[in-house]
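In what follows, a single structure is set out as structure tokens and then discussed.
Labels run A, B, C and D following the written order; every chain starts at residue 1.
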Amino acid sequence: MTTQTDEFLRLHPNPRTAAPEVLSQCLQRLAACAQACQACADACLAEEEVRDLVPCIRLNLDCADVCTAAERVLTRRTAADPGLQGRMLSVCADFCAACARECLSHGDRHEHCRLCSDTCLLCEDACRKALASL
Amino acid sequence: MTTQTDEFLRLHPNPRTAAPEVLSQCLQRLAACAQACQACADACLAEEEVRDLVPCIRLNLDCADVCTAAERVLTRRTAADPGLQGRMLSVCADFCAACARECLSHGDRHEHCRLCSDTCLLCEDACRKALASL
Amino acid sequence: MTTQTDEFLRLHPNPRTAAPEVLSQCLQRLAACAQACQACADACLAEEEVRDLVPCIRLNLDCADVCTAAERVLTRRTAADPGLQGRMLSVCADFCAACARECLSHGDRHEHCRLCSDTCLLCEDACRKALASL
Amino acid sequence: MTTQTDEFLRLHPNPRTAAPEVLSQCLQRLAACAQACQACADACLAEEEVRDLVPCIRLNLDCADVCTAAERVLTRRTAADPGLQGRMLSVCADFCAACARECLSHGDRHEHCRLCSDTCLLCEDACRKALASL
């Protein structure tokens, strides 16, 4: 399947990329993870046992902010500094891993947390693969 | 097709929504438009005639920021205020329309601008439909 | 007092602005309000009665996102569209007013909510003045 | 001088912090740096020689996004993970250092770049001090 993300990579004036499909997948998963974490934080706020979910909400909010920043830094290919991009991807992968772990720890009680955990793990994996391809 | 966005809507503790498919499409298009506008701004920066593209870059950056904020406000369904959400969607639709118009005006010379224009129009349409459904 | 915000307004290649002090104050208050709303949301999450504060947390998060987007749109003065900037300021003022009202409603029990309410009101006022000066 | 940032630190339900003045300064400088980088990118777009300033614009945009994310992660003190916060501060300091270097390299021709360079260096220093205090 060719996505809009693939198309923008192809249409850039400097289209050369070591691994366009790896980059494209990472950009899509960062956007999906940012949205998932916002949605999970909001669903947790609506749960009766919100007090127990405070650490989850906090990590969700962090992970959403870091994924949004990483998506923007990785989208920019003009005058790119692979070292800096890699540093950002590495930190983002760490936040995704932490958020996935927290969400999974109560994923049996809240399906949105289980789904968020899956989304974070996919994003972590995509970040580490993109990092390796830089 | 069921997407992750649909799943999060369904798994929310308060899953009632007037038109879940309209909301889901809007959330997905807001995320796509934010990424497209960032990608178009970056591609414009790499063009030799960057000086002619300054108004496009500026609107791209604005539209990306407004879409990201609108996506977050619309993702939150706990203690929602439809009036405020609608105001944000309406402004976001205006930014998308302006960015689409600017990108289209030179879309024959830069394919990324043409693609960005299409993405902005789809997002504008989704925002107006979501606004009508609130 | 001359701030960094004033200096950047003065050093822009197109330094003409109808009311630089109004613009500068609005930019500073938008940044302060975004930070205050994030801090208030986080302080609410740490309160024992977090369940009662869910509507406050939700509006805090919205207001922070909208203020950050408005600050960025208003910071850009190249190829500016006063109509679009005004639309964004107007919506931002509405979010600030709603968040101030919510925070004030329990400001007697949580000092961070009272302080956040004050910050939101100052930001609302600055947005409306900047809107009038565009 | 007591700022709003200090007040929010003091009013948090868990007000204990190893070094509140270090944390407060870092939060204020992150907000200032995010705004400075957005303002510098916009001023660069308005310069006649914008083509020569493309690497500066790109780094400005990156640095603004990373500072905004770092400011939000550091503002949150509920259920904090000092390891993750430190990772984010460290990456943010690296982006600030890179942006400061780029801006300084042509700071003699554009005063806004020189001022942005100073702001980035102050933010880098504040991030490293906050990192050491975690």
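Methods note: a contact is a pair of C-beta atoms (placed from the backbone, for glycine too) under 8 Å apart; a residue touches a chain by one contact, two chains touch by 3 or more.
Owing to the predicted nature of the structure, the values given are computational and were not obtained by experimental measurement.
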item	value
Pair exhibiting more inter-chain C-beta contacts, B-C or B-D	B-C
Relative to chain C, chain with the most remote C-alpha centre	A
Distance between chain centroids, defined by C-alpha means - chain B, chain C (Å)	22
Euclidean distance of C-alpha centroids - chain B vs chain D, Å	27
Contacts with two or more other chains, residues of chain B listed in rising order	42, 45-46, 54, 58, 61, 68, 72, 76, 78-79
Residues on chain D engaged by chain A in the complex (per definition of touch)	54-55, 58-59, 61-62, 65-66, 68-69, 72-73, 76, 78-81, 84, 87-88, 91, 94-95, 98
Contact footprint of chain B on chain A as seen in their complex	4-5, 7-8, 11-14, 27, 31-32, 34-36, 38-40, 42-43, 45-47, 64, 68, 71-72, 75-79, 111-112, 115, 119
Touching residues on chain B, where the partner in the complex is chain D	42, 45-46, 48, 50-51, 54, 57-58, 61
